[in-house]
Amino acid sequence: MKDNFSVFLASLGAFLVAFLIIPIAVTVSTQLFDLNALIKALNDEVVLNSLFNSIFTSTVATLISLVFGVPLGYVLARKNFKGKNFIQAVVDIPVTIPHSVVGIMLLFAYSEAILDNYLGIIAAMLFVSASFTVNSARDGFMSVNEKIEYVARTLGASKVRVFFTISLPLALHSIFTGAIMSWARAISEVGAILIVAYYPKTAQVLVMDYFNNYGLSASRPIAVILILISLVIFVTLRRVAVVKGGGSI
Amino acid sequence: MKDNFSVFLASLGAFLVAFLIIPIAVTVSTQLFDLNALIKALNDEVVLNSLFNSIFTSTVATLISLVFGVPLGYVLARKNFKGKNFIQAVVDIPVTIPHSVVGIMLLFAYSEAILDNYLGIIAAMLFVSASFTVNSARDGFMSVNEKIEYVARTLGASKVRVFFTISLPLALHSIFTGAIMSWARAISEVGAILIVAYYPKTAQVLVMDYFNNYGLSASRPIAVILILISLVIFVTLRRVAVVKGGGSI
Amino acid sequence: MLKVEDLSKSWKDFSLKRINFEIQKGEYFVILGPSGAGKTLLLEAIAGIFIPDSGRILLNGEDITEKPPEKREIAYIPQNYGLFDHMKVFDNIAYGLKVRKFAREEIRKQVEEIAKALDIKHLLDRKVKNLSAGERQRVAIARAIVISPQVILLDEPFSNLDVNLKNKLLREMKRWRRELNFTAIHVTHSFDEALSLGDKLGIMMNGKMDQVGEVKEVFSKPKTEDIARFLGYENILEGHAEGKILYSENIKIELPQEFYGRVRVMIPPQNILISKNMIFSSARNNFKAIVEEFEDLGALIKLKLRVNGIKLAAHLTKASFVDMGIKEDEEVYVSFKSTAIHVF
Amino acid sequence: MLKVEDLSKSWKDFSLKRINFEIQKGEYFVILGPSGAGKTLLLEAIAGIFIPDSGRILLNGEDITEKPPEKREIAYIPQNYGLFDHMKVFDNIAYGLKVRKFAREEIRKQVEEIAKALDIKHLLDRKVKNLSAGERQRVAIARAIVISPQVILLDEPFSNLDVNLKNKLLREMKRWRRELNFTAIHVTHSFDEALSLGDKLGIMMNGKMDQVGEVKEVFSKPKTEDIARFLGYENILEGHAEGKILYSENIKIELPQEFYGRVRVMIPPQNILISKNMIFSSARNNFKAIVEEFEDLGALIKLKLRVNGIKLAAHLTKASFVDMGIKEDEEVYVSFKSTAIHVF
């Protein structure tokens, strides 16, 4: 049943969709008229190195968030303890701190150890992205019925075995979805990296350099490459997650 | 029942919690030994203006995301149409695009209109934060039983009236929670703002300036102020959301 | 007053098939059917939640088939009542009156009046969330009745209530009906609601309204065997009658009176006597049977028996079941009086 | 073999109170009780999911009260079976064997053997998700039995199944028991499972195990009135007997034989005859009664009657209920034979 009110709501929504899609469409499509620049960028060792740095660091940050965040999510899902609300707040708070402040805080806390090296980039990424993995892991473990874990134990499995053969596999879809979000958040980070680790140069910082030094058009080829890489990986991983989980995310 | 494996998992989680909390604790606590600098910063008109700019722009961005994002969430929750998956992807994709690229895209798309003005800051914030409001609104409306909307209509209420008196109030808690996340994401943005609107100066950019021009210690007072403001508003709003919703978020 | 003509609608895996019925002003029409019969969908079509593929809905002669729900003056109370959880009881009941832009004072007066009639006046300031199931039901009825709709549609209004509360509310519903004199279509799978409340009864199965009529008539003369089974008649046998003898499969059954030709009979399961030994009694129908299985009906045990080629069900108490030590695959003797047989 | 001694545990709003029972090897012990009786919690204590506040659990003389579940050799099948949804049927059944580090070949052999016994060999390569309820139950039983546990705990294994499937699986469970000879504790609220499967029966209500004994004994001699009621005995009256006459409240009831002093009797509801007129029959107990309310039992109508100060329930078929046109608050006549009365 069509009606005016639904059309009105859809129109309001369409404004927002347009606002979000126009920048991507304009940037990518204008680059198509200058494919040479794109190809040149793809042959530029500086660009390729920076792309490697971006993908490498965001992937490592995501892996670290998995190694430490999944156990944390399990504890938050299964245990009750004093200060649990506080721990949960600590996990959530990084999303609200301005990225430049994140960089400064990290330097204050870990100083020379993270200045201008891979560790710094990864630390910055981990700080802003860990909450996605932790919260998804927590939700995933919460959705696993504890009874099933106990059944496995009555069949003779130790707690460790139950964790790896029952709890973890059943929570895996949710964890994987959270890891994708963490990865996306990590590779999108700029502000904190600018402060902590201007070098080694990541692609997102290189875009900024090109923009500052050579102007808007010069920064476009690498911007477009970054958009396409992010989109392809993000969309592919989400597809995989949907197929594996047999549901939608 | 205490056991070694749970202790092991908790220890892994504790590393991550420590990694997240140490930077905040160190930055804030070291500043307590230099309260003068903090007080001086709070009397500095440049700092105060930048704080106003940050809070003003992130609040406006959140309000805009509500005006356009709530209708979009409603349409995504209630209607089935071709291209719905595409629209959903458009909503989610901004999280994965590096912030420097976001700034460049926005300049390409909206050029002079957003260069170095409030509009530019708000556009950058809206781009990176809108998905939280849209997705929460969608989830909120999906949790409202359509039957109840129909009951209201059999009592004589038009679609418009049902939306405002039934659907919207029942989804409000979820929408409010999403708006808090949007606000937090907006005020934390730096990378895109650096490119689109270096002026008017927001606090998060000012921190960067101080760091680049006067070094780490000089940037700390305003960083601490920003941390505290973000935390207080974020925690307070979450409390309100929990109390209003009668549940947890 | 409300007339449904040939109403049909298909979905992927279900359809409503040519539904016809008519109700008069003040009538209470109960639609009885198993779950999955399409009862809720029929109510939704009448409420205007969807538009049928074909057929018409007439209200006082006017075709309302495609009218939006807000213009129909037909109030709908879904299963679980569909209360507005974010409002107080008062605002729930007042909702339809506010929509109609009644004056503040008038709204208060009408809400208090209906709340008094339904014994929920003391709840008006309460949050809906904290109400009991019985209270929620009353609020839903008050909210529907207060706008004086032409018809009220009730979807399983007594499900999810415990037995005692249900019986209490059934009694009260009868009183409210008398006092408030509304027209209603009430959908249920429960027999006692039909018997308690219905002026008229419709039996709905598999998307079809198979029989419509007076309650007593439908129960005493089920049109089809499916309806008879749904109404709980067990042991329905068909056969060829010659005088007082019915020949069905391989057995002969003595009937209470003379019949000729094809007849259908029903032997009430609790009128079938079970014994371990052959008994000679006034009962003229005596057979040897095999116990196939038994089932706990809560109050009773139902034995499923095989008598030659025929399956019979018999009820007995748990106490006598245990006393007799009945086991599966055992032989027992069944007997029933010819006067216990219903012929229809 | 398994002995539970004085087991107690308190939560905020519920407690298990001094549970005692013992079962022998190969025995099938059914625990019957209403929902909320604490049956699941008792199983969880035996499985080792929590440790009781006091009391002991002994398995073959060894105190296992505080042993972790994986060391008890007691397999637990929770309600809804607790299958591992991310594994195939084969891997579900093989889980306990893999834990025990059996050789690959040995695992395959044992899984196929048990799968054959339970008729699920064709399902071994299937995903658990796509199984029907009956298939899921078999997989759960196979997974438990294959590790040859000392005891198998089954929590409502036949709930959520439709009646026909339940009857089928009940029959098969009896066969599996004979063939595989396992020891089991089976918790249920359903009477027919107790009758079909139980060697021994425990009645559990409100956290207490009120009676333990042979099935027939428990049913014929319920220890308390609560148990009698739970077992479905209605119309339980207490009174003072003088020979063949029982004086209870304001009525005199003729008993089947002579008794003296306080006795408790039960009159099966389906043995109470209802009529609109006083009938003079061989039934010696005739009373006038008021119909208070009626209730749909599915197969029957239950009438709740008041006879002087006493409440009686009577069952009759829907057909005769409608035929007689019985209404609430009406007078009817009830009669029952003295031989229909159970004295206990």
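For reference, chains read A, B, C and D in written order, and residue numbers begin at 1 within each chain.
The criterion applied here is as follows: contacts are C-beta pairs under 8 Å (C-beta built on N, C-alpha and C of every residue); 3 or more make two chains touch, one makes a residue touch a chain.
None of these values were measured; they are calculated from a predicted model.
Asker: Chains shared as neighbours by chain B and chain C?
Answerer: none
Asker: If you tally contacting C-beta pairs for every chain pair, which pair wins?
Answerer: By number of C-beta pairs in contact, the leading chain pair is A-B.
Asker: Nearest whole angstrom, what separates the Cα centre of chain A from the Cα centre of chain B?
Answerer: A distance of 16 Å separates the two centres.
Asker: Where the centres are mean C-alpha positions, what is the separation of chain A from chain D, in Å?
Answerer: 54
Asker: In angstrom, rounded to a whole number, how far apart do the mean CA points of chain B and chain D lie?
Answerer: Centre-to-centre distance between chain B and chain D: 56 Å.
Asker: Could you say which residues in chain A touch two or more other chains, in rising order?
Answerer: 158
Asker: Could you check chain D for residues that touch two or more other chains and list them?
Answerer: none
Asker: Testing understanding: with touching defined as stated, what is the shape of the graph linking the protein chains, line, ring, star, complete or other?
Answerer: ring
Asker: Which of the chains are touching one another, listed as pairs?
Answerer: A-B, A-D, B-C, C-D
Asker: Could you please specify the touching residues of chain C with respect to chain B in the complex?
Answerer: 44, 47-49, 68-70, 72, 74-78, 82-86, 95-96, 99-100, 143-144, 147, 149
Asker: Where on chain A does chain B make contact in their complex?
Answerer: By the definition above, chain A touches chain B via 3, 5-6, 8-10, 12-13, 15-17, 19-24, 26-27, 30, 54, 65, 67-69, 71-76, 79, 87, 89-91, 93-110, 123, 126-127, 130, 134, 158-160, 163, 181, 184-185, 187-192, 194-195, 203-205, 207-208, 211, 216, 219-220, 223, 226-227, 230-231, 233-235.
Asker: List the residues on chain C that touch chain D in their complex, please.
Answerer: Residue list for chain C touching chain D: 163, 167, 171, 190-192, 195, 215-216, 219-220, 231-234, 266, 268-271, 293-302, 315-323, 325, 328, 342.
Asker: So in the complex, the part of chain A that touches chain D is made up of which residues?
Answerer: Residues in contact with chain D: 145, 147-148, 150-158, 161, 165-166, 169-170.
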